[in-house]
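Across the two complexes that follow, chain A remains constant while its partner is chain B and subsequently chain C.
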Partner chain A sequence: MEWFLIALLVIVVIAGLWAVGAYNGLVRLRNLVQEAWHQIDTELQRRHDLIPNLVETVKGYAKHERETLEAVTAARTAAVAPGSSPAEQAQQENILTQALGKLFALAEAYPDLKANTNFLQLQTELTNTEDRVAAGRRFYNANVRDLNTRVETFPTSIIANMFKFVKAEYFETEDPAARQAPNVQF
Partner chain B sequence: MHRFSRRNLLGWIAGAASLVIFLGFQFGIFNGVWGVVAFAAAIAVGAWWLWEQWDQLRHRQRVERFAAQHGWTYSEVGPLALARGSGFPFGVGTDRRVANLIEGVYSDTRCISYDYVFKYKVADERSAVQVFTVTQASLPVPFPRLDLIPEDAGSRMLGAITGSDIDLESAEFNRAWRVLCSDRRYAVDVVDPRMMQLLLSHRMPGVAIRIEGDRVLAWSAGRADVADLRRRLDVVVGVAKRIPAHVVRTYTDAETRRRAEQDKREANAPTWAKTPGVLNSRRYTGIGVDADGDGVEDWEQRSR
Partner chain C sequence: MPIGFDFAGVLFPLFFVATVGFLIYAAIRGYKAAQRRQAAIVALVAANGWHHVAEDPSRAELFTSAPFGLGDSRRARDIIWGTVDDRPFETFAYSYETHTTDSKGHRSTTTHHFQVTWVPLAGPLTTMRFTSDNVFLRAATKLGARDLNVESHEFNQRWKVWCEDERAGHGVLTPRMIERFLQPDLGGRGVVIEGPCLMTYTQGQSDLTDLTQTVGLLHEINDLIPPFLFEPRNDAPAGGSTTQ
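Now for the complex of A and B:
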């Protein structure tokens, strides 16, 4: 009887240690996902901050392209609105990317605009920011994948359900054209 | 000039012993089974030593020929500073040296390749010589260390490089390569889909890749065949060129800031420290010297 109790105690202790480890692992992953999201958010903020200046620069040369400029402004306003989930934010960013693509495409018809230093600089900054957003998205999705795998696989799923850990959403583009950074072809 | 090592000495001893035993048989001094055994053992050791010498000579000639064919320079011995690094196999063992060094430009990138040789202790007083083939391509700025170890590498290589394996989005890549880096974000940024594609299409059994400082290395145990050198160069130059542009920009900015701070520190350094020849004169210590004439000796100024 005594040996049985000792064995039971050992099993309980081991199970308890494992549970603590599993819980801490989930917390660590969840924090990684949040941190990765904040990094993307910083880059998205930078992208949003560049757009008003871009719109003003283009307006100076192409005032008649009101529809395109308004589409960019509206898409930016929607993307900047707080409270979106990663999936919703991804959708808003996709729409913004498409609007920016059309804006850069129409710049082809305005040689003076294409040669404008401010426009070129903004275009380069936007491209660089897009690269960092893409890199941030990969890192964020990698962390989400790890978290979701842990939450779903047995036996960690037991701890995840007990302590209300949920799967995170991926941040991904849907439109293949939107995978390309907006760029003017000279 | 060929180094005279303990191995060479062993060979000479084996050769001399063979001669003595042969003469012993000729003049009837040695006879019987043990004489034959001793003779056979001496012949075997001598033959092994001769094979080793011939193999090294052949390898050296092939490397020289490769250098001559591609307009590269060849040196039998290279500076040990080339083999700097923070992890295995660099900094391990004793009697470290760089041999069969070739330098040149490949696909617009400065590259070098060499044999890295060192001794390590196997048991008690015995040591063995280990050779690694290292091929390097230069990078424009320094990067943090990142190791890519093929899963088919020997257990010694896998065990020597420690760290958590970072899984990426390609299952095929994760099966083929182990990604080790202290900064997970940096590793994910560098090993993007294009890099994974390159590494999967240019796999060489047992050849590991390392990005460290201002170079990309491909390294493997043993003396690699010169015929594989072009493939190794393709890999290191390919990796160097496929580091994503935003990562290069990040570390270029960091390097620019570091140099600016260094220049600022140097600009603010005392005059005596910037004087040429200062290490050979008392000005280095500043004792008894008042270079700026303010009545305070230079060594005292540093402590004020």
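Now for the complex of A and C:
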């Protein structure tokens, strides 16, 4: 009987230690996901802050392209609106990316605009910011993947359900580094 | 007592002579191979306008990532440096020794050889180590060495990536970088980013016939690293006030 009680105690202690480790692991991942999202948010804010300058610069050379400029402004306004989930934000950012793509495409028809120093600088900064957003997205999604796997797989799912850990949403936007055509050799 | 043929008296000296003969043959062959390698290096360096030095102990401590920092009697030999497509590079043969003792107390020494090639980056980056997946690394991962996983299952299967700063590591691992690492010419290689250096290594002694391709491969990887990772963070927006 004594041996049975000792064995039971050992099992309980091991289970308890495992549960603490599982809980702490979930907390760590959840915090990583939140921190990663804050970083993306910072870069997205920077991206949004660059756009009014860009629109004003282009307006000075291509005031007739009202539709394109208004589309960019409208997409930016939607993206800046607070309260979006990562999935909703991703959708808004994709719309903004498409609008910006059309803006840069129309700039090709205005050589003076293309040569404008301010325009070039803004274009470079936007590209850099998009690269940062893409890098942040990859880091965020990697941690979301880890968190969701832990929340869903047994036996960690027991701890996750007990302490109300939930799955996080992925942030799926167009990756600018993936837009370039791969080098195909025949 | 019948007179018999003395096998031990004949075979043992024969075996001894054969062994010594084989060792001398192996030594001469090794010496001639080393001579040929040296001649090939001299010709390669002369043909490309590169520079060569026979040995430099400081190179043996150039990196901290494997295969550096392992074993003892570390040596860096045949250091070659110059440019390929006007971009600098350096390569050298690196070796170290490990020792084992068997149950009878006999000590044996194994020399491990590598060919190391590296190029400078535009600035320092987080340390990253790319190694092909193998049993040892899978065990190390299970013991807590965190492997950086990306969205490509094929990449995760073929490569194990350790990174000092995972956020920066994901910055390096763009889709095009991942695609590049899936090309067959990177098979059998380790790749390391350490400080402002991008390095690759292969096991064994190289005849350097593929040196130009190796340097080209490093330059391609270098070009795929997003520029923002080398830039200091500039929070000042362009063109004045930006808030609406």
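Just so we're on the same page, the second predicted complex is superposed on the first by the 173 of 186 C-alpha atoms of A that agree within 3 Å, B and C clash if a C-alpha of one lies under 4 Å from a C-alpha of the other, contacts with A are read in each partner's own complex, and residues count from 1 in each chain.
Note that a contact is a pair of C-beta atoms (placed from the backbone, for glycine too) under 8 Å apart; a residue touches a chain by one contact, two chains touch by 3 or more.
What you see is a predicted model, and the numbers here were worked out from it, not measured in a lab.
Colleague: Return fit or clash for chain B versus chain C, each positioned on chain A through the superposition.
Modeller: clash
Colleague: Based on the superposed arrangement, let me know which partner A:40 touches: chain B (first), chain C (second), both, or neither?
Modeller: Neither partner.
Colleague: On the superposed three-chain arrangement, identify whether chain B or chain C touches more chain A residues.
Modeller: Looking at chain B versus chain C, the one contacting more residues of chain A is C.
Colleague: Could you look at A:160 and tell me whether it touches chain B, chain C, both or neither (first, second, both, neither)?
Modeller: Neither chain B nor chain C is touched by A:160.
Colleague: Kindly classify A:79 by the partners it touches after superposition: chain B alone (first), chain C alone (second), both, or neither?
Modeller: neither
Colleague: Pick one for A:62: touches chain B only (first), chain C only (second), both, or neither.
Modeller: In the superposition, A:62 contacts neither chain B nor chain C.
Colleague: Taking the superposition on A as described, I'd like to know which of chain B and chain C A:121 touches: first, second, both or neither.
Modeller: A:121 sits against chain C, while chain B stays out of touch.
Colleague: Touch test for A:145: chain B only (first), chain C only (second), both, or neither?
Modeller: Both partners.
Colleague: I'd like to check the shared interface: which positions of chain A are touched by both chain B and chain C across the two complexes?
Modeller: 36, 39, 128, 131-132, 135, 138-139, 141-142, 145
Colleague: Would you tell me which residues of chain A are touching chain B in their complex?
Modeller: Checking each residue of chain A against chain B gives 36, 39, 128, 131-132, 135, 138-139, 141-142, 145-146.
Colleague: What does chain B use to touch chain A in their complex?
Modeller: The touching residues are 167-169, 184-185, 188-189, 192, 244-247, 249.
Colleague: If you look only at chain A, which of its residues touch chain C in the complex?
Modeller: 36, 39, 46, 49-50, 52-53, 56-57, 118, 121-122, 125, 128, 131-132, 134-136, 138-139, 141-142, 145, 175, 177-178, 180, 182
Colleague: Residue numbers of chain C touching chain A in their complex, please.
Modeller: By the definition above, chain C touches chain A via 148-151, 166-168, 170-171, 173-177, 179, 226-229, 231, 235, 237-240, 242-244.
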